[in-house]
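Take a look at the structures listed below.
Two complexes, one shared chain (chain A), two partners (chain B, chain C).
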Partner chain A sequence: MASVNIRSVVKTFGETHVLKRIDLDIRDGEFISLVGPSGCGKSTLLRIISGLEQQSGGSILLDGATVDRIRPRDRDLAMVFQSYALYPHLTVAENIAVPLVMRRLNTTERSLLGTLLPSAKAKRKEIAGEVGRVCDALSISMLKDRKPASLSGGQRQRVALARAMVRKPSAFLMDEPLSNLDAKMRVQARGEIAALHRQLGSTFIYVTHDQAEAMTMSDRIAVMMGGEILQVDTPDQIYQMPLDLRVAEFIGSPKINVLQAALTEGDVLSFTFADTANNRVQAAFRPEAARLAGIANAPLAGVIHHIENLGADLFVQVMTAGGNLVVVRCDPGGIRPAIGDKVGIVMDEARLHVFGTDNRRIEGSYRLEAPL
Partner chain B sequence: MSLSASQNRAGLALIAPASILAIIFLIAPLSSILVLAFTDYQLGDRSLRFIGFENFQALIDDPVFWKSLSNTLIYSAVVVPGSMLLGLVSALLIDAGTSLRSFYRTAFFMPVMASLLAMAIVWEFMLHPSFGIVNTTAKALGFASHNWLKDGDIALYVLAVIGIWQSFGFNMVLFMAGLSAIPRDLYDAAELDGTPHAWERFRLITWPLLAPVAVFVAITSAIRSFQVFDTVHALTQGGPNKATEVLLYTIYAEGFEFFRSSHAAAITIVFILLVVSVSLLRFVSLKKNGEGA
Partner chain C sequence: MTARSFVSSALRHTALLLIAAFALLPFAVMVSTSIKPADEIFSETLRWWPQKLAVIENYTEAFSAAPLMLYLMNGVVVTAAIFFLQVLVTLPAAYALAKLHFFGRRLAFGFVLFCLLIPYQAIAVPLFILLYYVGLLDSYSALVLPFTISVFGIFLMRQFFMGVPDDLVDAARMDGMSELSIVWRVMLPAAIPALTAFGVFSIVTHWNDYFWPLVAVSSDKYFTPPLGVMAFRNAEAGNDFGPLMAAATIIVAPLLCLFLLAQRRFIEGIAFTGIK
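This part shows the complex of A and B:
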C-alpha cells in the first residue's frame, strides 16, 4: 500500500524538456491512468517514479517519504513493461520466482553450490508454493514449465503480471501492458486488470495512449500532453468537464466536434462570422450532444458526407457550409438519413463546451444564436 | 512432390556456380591431400606409389609429431579461454561505458587487422632479452628477467600471450554484437525484481543470453588457435628444441623444408580431423540449444 506524490518533477534530455514541472498526488490504493499521445512523456514519468530514470528536478514521495536517493529495487514497486521483459531463457515458473529468489536468498544460497544448502532448499520450496498460488490466481498454472517464446501475447502479459504480483509490492507501475494484444484480447485483459486492482487494493499507475483503456479502468485519469499534465479527474469529469480543448479532443471516440465561433451579447454563440474580429472562441460538442434536424430551425447546416454504421450507433458526418466536418450520433432505429441529404444540426446547449483561443475552458452557460 | 525437367535444369544451373567453386577450391585440394597421404610422394618426384597407412604409422612413431600435437593443444588451451575472457570483459566494459566506445572498439580490434608478421617483429623487440621493454620493466619492478623466446619452459606460453593479444579484439566484437542484442528492458526488470548487484545481473541475464555467442566464439577461437603459424615462424621457428613446434609449423617444415610431401599430407589429415571435430561440437551445441528453446 502506498501513496505516490510527484512534486515539481522536471526532466530534460540535453536540450529537450520532456517533463515540465509535473505535480501529481496519487492516493493509496488508487487506479490512476497516465494517458496522452505518443511522446508526451508518460513512460519517462513512470520510469522516474520507479527510479529507473533520474529526474532533473523535483522529488518523488512514496508514502510521504522522499525516495529520490533510493534505488529502484528498494522502492518496493513492481513494473509491467510494454515488452513484458520476461527472461527468455527461464521457464514461466522461474520467471515469476525471480523477484522472490533475489530478495529472500542470500548470495551464497543463490550460487550454484548454494542450491545444495538446506536453507536454500527450504526457501526455494516456499517460493515455489507462492509462485504456484499466483499462477493459479491468474490461471497460468499449465504454462509453468514453458519458455516465454512459446507463449501467446496474452499469456506473456499474464506471466509479466504474475511476476509483478508475486512479491506483493506496494504499488504497480504498468507501461502500456496491453498494447501488444489484439483488440479482443485487450478488452478482456482490461477487465481482468481492473478486477485484479479491486482484489489486491494496491496502488496502480497505468500508462497508456489509448483513451478507452484509461476511461474504462481508472479511478482517475491524468491527461498528459507535451510534458505537462493538463487535467487530473475521474473519467466522468474528464469526459463531461474537460478543462482544456486538447483534453476534450483526446478523450472520447469519435472525437469531439470543434468549431470556430464568436461570443455575442456575452453568452450567445454564433457560428456565422459577422463580427470576426473580437470574442473569438472555440465551441465543442460531442456527437451524442447533437441531433439532426430540419434546416429551418438549426444553428448549423450542411450536407451528409458519410455515415458510419456501428450497429448500436450511427455516426453521421456532415460537411457544413463553413467547410467543417461535424459528427452527429443518431439512433439506428429512427429515420435513416442518406448521404447527400441537406440537414440541420441542433446541439444540446447544456452540453456545449466553450474554450478560449488559449485552449482553456471558459465556464458559463451559453445559448445558440437563433437561426437566420 | 516431383519436379519438372525444366525445374530440374534451373535448379542445377543455380547451384552450378557454387558447386564449381567448391570443387575447385575445396574438394579438389582436400581429396588430393587425402590421396597424397597414402603415397610415398616427395616434392619433385615424377612417380608415386601407394603405401597404405605407412605415413600414419610413421607419425605414431614420431616424437616430433606428438610434441607438435600436444603443443598445439596446450597453446589452444591457453589462448581460447584467455582471449574469450579478455574479449568478454572488454566488451562488457565498453558496453557499460558511455564515452569513447568507438575508440576502444577500434583500438582493441587493431591487432586483429594488423599483419601478424609485422606485429611479430614488434613483439620480438619488446621481448628482446637485453633491451626489450618487457625485461627492462620487469627489472625496474624487481622481477627476474627472462630470455622469453629462447627458454623452452616458457616460449610456448609467451606465444600464447601474443596469440591472446592478437585475437581477443575479434572475440570482443562478437561479444559486443551479442550484448547489443540483449533487450535493455530485461536489465530494468531485473533491477525492479531486486537483483542486488552487477554480478547477479550478469548471471541472471547477460551470461545465459550470451551463451550461444560464447559457444560460437569458443569454437572459432579454437579453430583459429589450431592454425597458429605466423608468430612461430617469425619468432621461434619451432624452437628452442621443438618447444614451440605446432601442427601447422610441422606441416610447413615437412612439406617445404624437407620436401616430404606425403608425410606433410598425413599431418594435414590429422589437422583437418581436429578442426572438423571442433566444428561438429558447434553443430551439436546448436542442435541442443534448438531443442531447449
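This part shows the complex of A and C:
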C-alpha cells in the first residue's frame, strides 16, 4: 500500500517540454487514471513514477518519502506494459517467477550450479507455490508450461498481470494494458481489472487514451493535455462539471456539442449574435442534455443530417443554420425523426456549460435567449 | 502446372544446377583425388572414380605423416575460444549501443562502422610487434587474442537488438535485473538466431584462417588445420597429392557438418537481423 505524491515534476527533451510542472496527490489504495490524447505526456509521467525515466525537475514521493534517487527495482512498484513484455524464451510460470527469483535468490543461487544448493531449492519451491496461487487467482493455471508465443492476447495480458501481482507491490502502474485486445475482450478485462483492484486494495495508476476505460474503472481521473493536468476529479464530476472545454470535449462519447455564443444581459445566452457582439463565450451541452422539438420556440434549428442508431440510443446529427453539426440523443421508442426533417433543438438550461474564449469554465446559471 | 511454367522452372533449375556444379567442381576434384593412388592422379584420362581405390592408404597416410589430430584439436580450441570471447565482448557492447542512452553513443557506433573497414592484414604487423613485446608470440593466446573484439559481431548484434522491444528491457528492469543480467538473461536468449549466424561466420573465418596463424606461431604444436596441411605438404619430399587432399577433406568436413546442423537457424538469423 502506498500513496504517491508528484511534486512539480518537469520533463524536457531538449527544447520540448513534455511535462510542465505536474502536481498530483494519489491516495493510498486509489484507482487513478491518467487519460489524454497521445503525446500528452501521460506515459512519460508513469515512467517517471516507475523510475525508468528520470525527471528534469521536481520529485516523486512514495508514502511520503522521496524516491528520486532510487532505482526502479527498489521502488516496490510493478508495471504492466502495453505490449505485455513477457520474456519469450521462458514459460508462463517462469515468467511470473522472475520478479521473485531476481529479488530473493542471490547471484550464486541463480547460477547454473547454484540450483543444486539446498537454500536455492527451498526458495524456488516457495516461489513456485506463490506463482501457483497467483495463477489460480487469475485462472491461468493450465497455461503454466506454455510459452508466450502460443498464448492469445487476453491470456498474455493475464500473465503480465500475474507477473506484476506476484510480488505484492505497493502500487501498480499500468500503461495502456488493454489497447492490444479486441473490443469485446477489452470490456471483459476492464471489469476484471476493476475487480482485482477492489480485491487487492493497492494503489493503481492506469494510463489510457480511451476515455471509456478511464470512466468505467477509476476512482478519480486526471485529464492531461499538452504536458499539463487540466482536471483531477471523480468520473461523475469530470463528466458533469468539466473545468476546461478540452476536458469536456475529450470525455464523453459522442463528443459534447460546442457552439459559439454571446452573453447578453449578463446571463442570457444567444446563439444569434452580431459579429461585433461583446462577451463572446463557448456554450457546450451533451447530446443527452438536449432534445428535438418543433422549430417554433426552439433556440436552435436545423436539418437532420444523419441518424446513428445504436439500439439503445438514437444519435441524431442536426446541421444548424449556422453550419454547426449538433448531436442530440433521442429515445428510440419515441417518434422516429427522418433524415432531411427540419427540427428545433431545446437544451436543458441546468446542464449547459459555458466556457470563456480561454477554454476555462465560467460558473453561473444561464438562460437561453427567447426564440425569434 | 502449365506447360509454360514447367519449361521456365526447368530452365531456372538447369541454370542453378550449372552454377552449383561449377562451384562444387574443385571440391569434387579434392574428394576424388583423396581416394586415388599416386599413379592414377597424374594419368592422362580423367576419371572421377579410381580403378584402384586408395582410401585407406591416403587417409592413414594423412593421419600418420603429420599430427593431423593435434591440428584439428588446435583448430577446435582456437575457434571455440575466439567465439566464446567474442560473445563475451560483443553482447554487452551491442546492448549498450542499441538500448542504452549515453553521451557519445552515435560516435561510438561510428567507430564500430569505421573499424569494419580496416582489413586485419593491415594491422598484422603492429599486432605482431605488440605480441612480441608482451611475450605471447607462438602460443594459443597469439592465435586467439587479436580476434576477441569482433566489430562485425557488435554491428550484427546491435542491429538485431534494435528490433527487441524497449518494453522488454524496461520490464526486466522493473523485475529487478541489473543491466548485465538483462544482457545474459533477456537479450541472449532472444538473440539465439542472430548469434548462430554470427557463430557460423566466426567459426568458418577462424577455422579457415591461414594468414594470421602463419604470422603468429612457429612451433607446429600450435598449428591450426590450414597450417597443418601446408606443413604436411612440405614435410614429405615431393607433392604427395593423395594424402594431401585426404587431409584437406578431413579439415573441411567439420565445417560442413556444423553448417548443416546450424543451417536453419543461420538463415533465420540473417533474415531477422534488423527487422524484428
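FYI, the second predicted complex is superposed on the first by the 369 of 372 C-alpha atoms of A that agree within 3 Å, B and C clash if a C-alpha of one lies under 4 Å from a C-alpha of the other, contacts with A are read in each partner's own complex, and residues count from 1 in each chain.
Going forward, a contact is a pair of C-beta atoms (placed from the backbone, for glycine too) under 8 Å apart; a residue touches a chain by one contact, two chains touch by 3 or more.
Since the model is a prediction, treat every value here as computed from it, not as a measurement.
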| item | value |
| --- | --- |
| Chain C versus chain B on the shared chain A, clash or fit after superposition | clash |
| Which superposed partner A:Ser83 touches (first chain B, second chain C, both, neither) | both |
| Contacts of A:Met102 with chain B and chain C, given as first, second, both or neither | both |
| Partner chain(s) touched by A:Lys147 [first = chain B, second = chain C, both, neither] | first |
| Chain B versus chain C as contact partner of A:Val131, first or second or both or neither | neither |
| Contact residues of chain A, present in both the chain B and the chain C interface | 47, 50, 52, 72-73, 77-79, 81, 83, 85, 87-89, 98-99, 102-103, 163 |
| Contact footprint of chain B on chain A as seen in their complex | 47, 50, 52, 71-73, 77-79, 81, 83, 85, 87-89, 98-99, 102-103, 107, 110, 147, 149, 163, 167 |
| Footprint of chain A on chain B - complex, ascending | 183, 185-186, 188-196, 200, 204-205, 208-209, 211, 293 |
| Residues of chain A that touch chain C when the two form their complex | 47, 50, 52, 72-73, 77-79, 81-89, 98-99, 102-103, 163 |
| Chain C residues within the chain A interface of the complex | 165, 167-168, 170-177, 181, 186, 189-190 |
